[in-house]
Structure formats: structure tokens, C-alpha cells
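The first chain written gets the first letter, and so on, giving A, B and C; residue counts start at 1 in each chain.
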Amino acid sequence: MIELTEVTKRFRGTRAPAVDHLTLTITDGEVVVLVGPSGCGKTTTLKMINRLIEPTSGTISIDGVDVTGLEPHELRRGIGYVIQQIGLFPHRTVRENIATVPRLLGWEQARVERRVRELAEITDLGADMLDRYPSELSGGQRQRVGVARALAADPPILLMDEPFGAVDPIVRAKLQDELLELQRRLHKTIVLVTHDIDEAIRLGDRVAILSVGGHLEQYAPPEELLRAPANDFVADFLGSDRGIKRLSLIRIADIDLEPGPVVPPGTDVERARAVMAEYDTDWVAVVEGDRMLGWVTDDRLDGRSTIDGVDLEPFLTRLTPDDTLEEALDAAISSHTAIAAVFDDERFLGMITVERISREIVR
Amino acid sequence: MIDFLGDVVAWFLDPAHWLGSGGILGRTWEHVQISAFSTVAAALVALPPAIWMGHRRRGGIVAVAVVNIGRAIPSFAIIALALPISIRLGLGLGFWPTFLALFALALPPMFTNTYTGIAEVDPALVEAARGMGMTESQITTRVEIPVAAPVIVTAIRVSAVQVVATATLAALVAWGGLGRFIIDGFAIQDNVMVFAGGLLVAGLAIATELGFAAFERRFVPSTASRSTSEDLLADVTVAPQHG
Amino acid sequence: MIAQVADQPFVRWDWIVDHVDDIWAATWEHIVLTAIAVGVGFVISLALSMLALRHRRTYGPITWVTGILYTIPSLALFAFLVPITGLTTLTAEIGLVSYTLLILIRNIVAGIDGVPASVRESAVGMGYTRRRLFLEIELPLALPVIVAGIRIAAVTTIGLVTITALIGKGGLGFLILRGLNLFYSPVGTTQIVVGTVMSVLLAVAVDLSLVGAERAMTPWARSRHR
């Protein structure tokens, strides 16, 4: 656990503090994202944790131990550190770069080598890349080496300052996914700085929004930030589309599904048309128990008495409870009937409508 | 030590050491005279081709080679070679061998620094001038030379300081100059005169350096600032040889 | 005597053949004088550069003083030293060393300043101590600029060593000075030419070796073809 208590930093020769009485608790295994406009003190806050910057007042402790009581370089060897410019050592190969901290800690050669291979695999770096120099890598590969290097000695804490700031959006999205995947396996305590609110929402278990002068405006899980911004600054910073952003944080499993326009086999056509009218659709689905048999449009029912015997179409877009409302919205809109069906493997769970989703947005 | 310095002061206070053909004034004049002649002659010979080649941006390899070879030949060796050559040319001792040596010494840094200064004028600037309808010679005289002026003046300063320093050795080939006090002093083992000569030579070299620096500050607007590490790498080719 | 000079050969090959041992001895002395000067100069420069890097305010005075040393003609510097240290190797080396300082210090400081801030920050962030940062990160990365300085210093020193002939040392300069005293005879001109050619060859050889050494020590600076 990392605890910042009433931490203030005033740089020499400046009047306003860069960080002002900041109190923040980061629990083990969570990803905390510091986000805010340029110059609000994110980097300063991060660097005070590994003492690249010393606070003017206040205390910072890790697992109850005041960091000022430790030798700075020993403290730092136990904390992974990744910066935007990555800072790989140009005169050392990828292998040697990754091995930096283990070497500083005096690990024996065989153990270092094993660890390097392990990390190359975790961070998806081909074994043939290990003997290259950083200048022989792409931007995304360099960033992976930076992460591998930070993880090398298996530090419980990882500090990341705009780690994906220097790569293009496509690579960035991929690296973000990789980081989340990594975190599911490793359960590090990660403090990550960004000025991209979408990145913060995507990566953070909790997000701290700072304003210039190092004031903490709100510290909450992303869903709560988006649902209940503490003040106008936070609301502005989240953007006018924060309702839509929230959809990516809500899973279908989290909300109640509707049955949708469904009928059991043997239903007469009149009854089926009444169900369609109720949902304002021109189609109806046939469900037997929790088994979805398929759907059929209104016009195909002309001249029949029950729906049995018509050819049923399968659902092509199938949502699962793990999908987000953002994905559900996408599926529903593109189905042209504004309704999407949700399945758990073969089990039909219910339907989700655009109307239902929009109620989540305004909530 | 105190006694020794007292002797040096006394040496300077003796009017006999100042006047006459072998006095401080006469020797200084000889030193300045030959340095100025050689530097001006080298500038007249080196600058036109350097400017022309720089304008055409051709011959960079030649420029680098010239200065590197220049640096590799010891200035003492140039003086020593100049003497028999001068004699074979029928020019005799004294002025001519000294002039030939200093002239040869001043050429390389002058040529290369000037070439570099002109060749490194922003190509966009030259392009713009050409686009406005300037002739090639107008581009050279109205754009390239003014823009490269600080570098060219530096080139002349570097050569001049080196020439003043090396002119000290002229005493070896029977020319005068302030080096005489040192070399004659060595010969007769008169440490006071050696030391006094050292002071005079050092003073003149520093004065030359400072004089040029003052001139540059006063008259040459700086168009570029230097001293990044890349410049120091480039200095491999342009730093002066020492006399 | 002088009138007959024009008819005589400039270089007498038989003199060279007869004096191979002399020439080699002079060359070796030249190498030793140069190596000591550049070696000692480098150690002093490294110390002064570390001082300048740690306490920025000292950089101005350091370059000012070494700049003056660099501007003083070598013969004048020897003139100051001879009354104190006599016609000795020490006098020669003090003079030679003092000319290397400005070049080396400027290049060491600029080379280390040129290390990217991000590299330095991530090294410190990972727990490098100041000493290891300097030795393992900053110094290797500054190597190309530092070697450029050593090259200039070495080539300059090789030239200056010849002047130490005037205070009784000189290596190849001794040949040149002896030749100068016999300038009217082919034996004299031969020695001047031999001294000059050998010292140029020495400068070129040292320069090329330093380039080679730099390439060998900085494999990361080459773009390899894969």
C-alpha cells in the first residue's frame, strides 16, 4: 500500500506549489491513474514516490514505511519505473537493458538469463530481438522493452509516466490491452500518469483527477467518476460525452435484460403480432425454454394460423454477458431494429434495447 | 624565486632592453610584421577558392583532408623545411623562410573553416535568393558571405593566433621576432631573458586572441551559435593546430 | 658554401639506411612523450570535467584557465618552466599536458551533456548510484565525442613534441633540430625530411588507431544490416 499524506511540493524559485496538500491511498494490486491537464503535477507526484523529487512537506510511505528512511537507490531498485521517452540504454542490447535491475541487485548470471527470457515472453518480444540494440527496434517494441525492464526484478510497484504517449493510437490501444492482460496475471500495484482521459478510464481501477496546482479534485473508480462527477472541473474534464464513455464500463451482466419480442413454439400468429406491436418490431423470435430457435419477419406469417412450420433465421450478432454496453449499443444500432440478443453460450438470456441503454447513459 | 622575479622585473625596467634593433620594440614590430604579412597573404590565397567551392558545395572531402594534413605536419617541421627550400629558391635566410612557413601554416584552417562556413549556409536561403532572381555571384556576395561572416572571421582569427604563436620559432631561421629572447636565452643560459621572452610572446598571443574577439563582438553580428556536442565532433576537422 | 646548395640532393637515402636505429630511437621517444602527455592530460581532464559537471559554476573558470594555457605559444610556456624545472622531461610533459586540457575537457563535458535526459532519468529511477551512472551509462555514451577530443589532442601533441627539441628532448623533433643546424648540407635536409615524414606518419597512425578503437568500443553506434 502506498500512502501519500498531505504531500506538498514547492519548487525552488516558484511561488505556487506544484502539488498542494495531496492525500492519496493506493492499495495493493490496483491500477491507479493520475490524470489532469498539463502542468497539474502528475509527474511531480509520481516522482516523489521513488524520490526522484523530494517533497517539501508531508509524508509518503510504502507498506507503512516512510520512504525518506530508505537509501534512494535501494528504494528505486524495488520500484519499476517507465517513462514516456522510455530511456532505454542505447549502448546496451535489449537483453542487457532488461537485465539492468537484476544486475544492480547482484543476481547470478543464470537467474538473470532465465528472467530475461521469461519477460521477453510475457511482453511478447521475440527471442531474436534480445541481441538487438534499441535503435534497431520499432517504437512499440521499445515500449515493450521498457515495460519488461521495469518488471525485471519483479517489483511489487510499477510507476509509469505516460508510458504510451510516444506511440501511435493503434499501437497504443494494443499496448493498453497488453498491460491489462499483464496486470491480470501479475497483480502489481501500478501508478500510471496520463493526460488522456480515455486511457485513464480504460486502465484505471481508480482514477485521481488533478487540477493545476496539484489539487485532487476527485478520486474514484472510473464508473463512479462518470456517473457522479464531484464538481464542474471534473465534469468538464470528462467531457460532454461522459455518459457514452460510461457505457464501456458497464457489462451487460450488470443490468436487467428484457425478454424481447419472443414467443414459444405453437403460438398463434395473432398473438405473435401482438408481441411485435408491443416491442414495435416487424419480427418475432421463437424460444423454447432457454433455447433460441430463430426469428421470422411479419410478412412471412401471412396466411398462417400458428408460427410453427415457418423457416426461422439464426441470430448473427450474439452478445454475451461479459460484453459492455458500448458493444451492445453498437450491435443494437446496426441490427436496424434497435434490439440485440444476449446469449450465454447456447443459452438465450434475453434482449437489450437501445432504449434500455440510453436509460443507462442519462442515469 | 622572489629574487628571480625581481631580476625579470629589473630586466624589463632596463631601457637598453627596449630600444635598438634587438630591443623589445624592434622585436615586437618584426613579430607583428611577419605575422600580419603571412596571415593576409594566406587569406588572399585561401579565401577565394574556399568561397567558390563552398558556394558550389563541392569538395568537402578535400577541405577535411587539407586541414587534417595541415594539423599532422608539426609547425616546427614546417619552419625547418622552409629554410632549405627558401635557400634553394635563392630567397635566403630570415624573412622569406619564415614567411613561407607561416603562410603554409595559415592556409589549411583558413581554407577549411571558410569553406565550411559558406557550404553550411542554409540551402533554403540560397534557394530563396535564387528564386528572387539573384545571379550566382550576387548570391555569394550578398547572401553567403554576409551570413558566413562570423565563421570566416573566426577562420582568420584561428589562423592569425596560430601564426603569431609559430612566429616565435622564426628565430631559428635567422629572423627576429620575440622568439629571439627565448632562443638566445636558452643558448646563453640566461633564464631571466628566457622568462621575459616567454612573457612577451604569451602577451602578444593573448592580445591577438582578445583583439580579434573584441573585433568580432563589435563588428560581426553573430548569425549562429555553436558549442553543441555535434559541433565538437565537427571540430575534429576545424580546430587549430598549435604553434 | 651556400652557393653550392642547389646542386646537392635534398634527401640522401644512404644516410637514412645508415641511421635506421637512430630514427627508430627518436620515434620511440616521440611515442613515449606523446603517450604520457595524452594519458596524464586525460586523467586530469576527467577529474576537472567531473568537477565541472557536478558544480556547474566551476566550468567557466576551468575553461578560462585552460583556454589561456592553450593560447600561450608552446615555446613561451617552456620559457616559463625552464627556470623552475630546468631542461627536463618534466618541463616537456608539463607543457604538453597543459595543451591537451582544453580540448579534452570541452569534449568530455559536451559528451556527457549530450547523454539524453531520459536515459539518465530512467537509470536513476531504476536505482543507479551516481558513481555507476557515470561509469556505466554516461561515460560509454559520451565515448564518440570524447574520442574525437582525444584524437585532436593526440595529433596536436605529436606536433608539439617536436618543439621540445629546443629544451633538449623532442623525439623526432631532435632529428629536425639537428637537421636545421646543418640546413646547408644534404645530411641536414635529409634529417628534417625524415623527422617530418615520420611524425606525420605517426599522427596518421595514431589517428586511425583511435578511430578503430572507437568503432570497436561503440558497437551500438553502427547500424547493422540484418
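Rule of thumb we're sticking to: contacts are C-beta pairs under 8 Å (C-beta built on N, C-alpha and C of every residue); 3 or more make two chains touch, one makes a residue touch a chain.
Because the structure is a prediction, the values reported are computed rather than measured.
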Report the chain whose mean Cα position is at the greatest distance from that of chain B.
-> A
Can you name the chain whose C-alpha mean lies closest to the mean of all the C-alpha atoms?
-> C
Distance in whole angstrom between the CA centres of chain B and chain C is 20
Averaging only over C-alpha atoms, locate the centres of chain A and chain B and give their separation in whole Å.
-> 67
Could you please state the distance in Å, as a whole number, between where the Cα atoms of chain A are centred and where those of chain C are centred?
-> 60
Within the complex, chain B is touched by chain C residues 2, 5-6, 10, 68, 70-80, 82-83, 99, 103, 106-107, 110-111, 113-114, 144-145, 148-149, 151-152, 155-156, 158-163, 165-167, 173, 176-177, 179-180, 183-184, 188-189, 192-193, 195-196, 199-200, 203-204, 207
Given the complex with chain C, which residues does chain B contribute to the contact?
-> 4, 68-69, 71-77, 80-81, 83-84, 87-88, 90, 161, 164-166, 168-169, 172-173, 179, 182-183, 185-186, 191-192, 194-195, 197-199, 201-202, 205-206, 209, 227-229, 232-233, 235-236, 239, 241-243
Chain A - residues contacting chain C, complex | 50, 52, 72-78, 81-92, 100-101, 104, 133-136, 146, 149-150, 159
Footprint of chain A on chain C - complex, ascending | 116-129, 132, 137, 140-141, 218-220, 223-224, 226
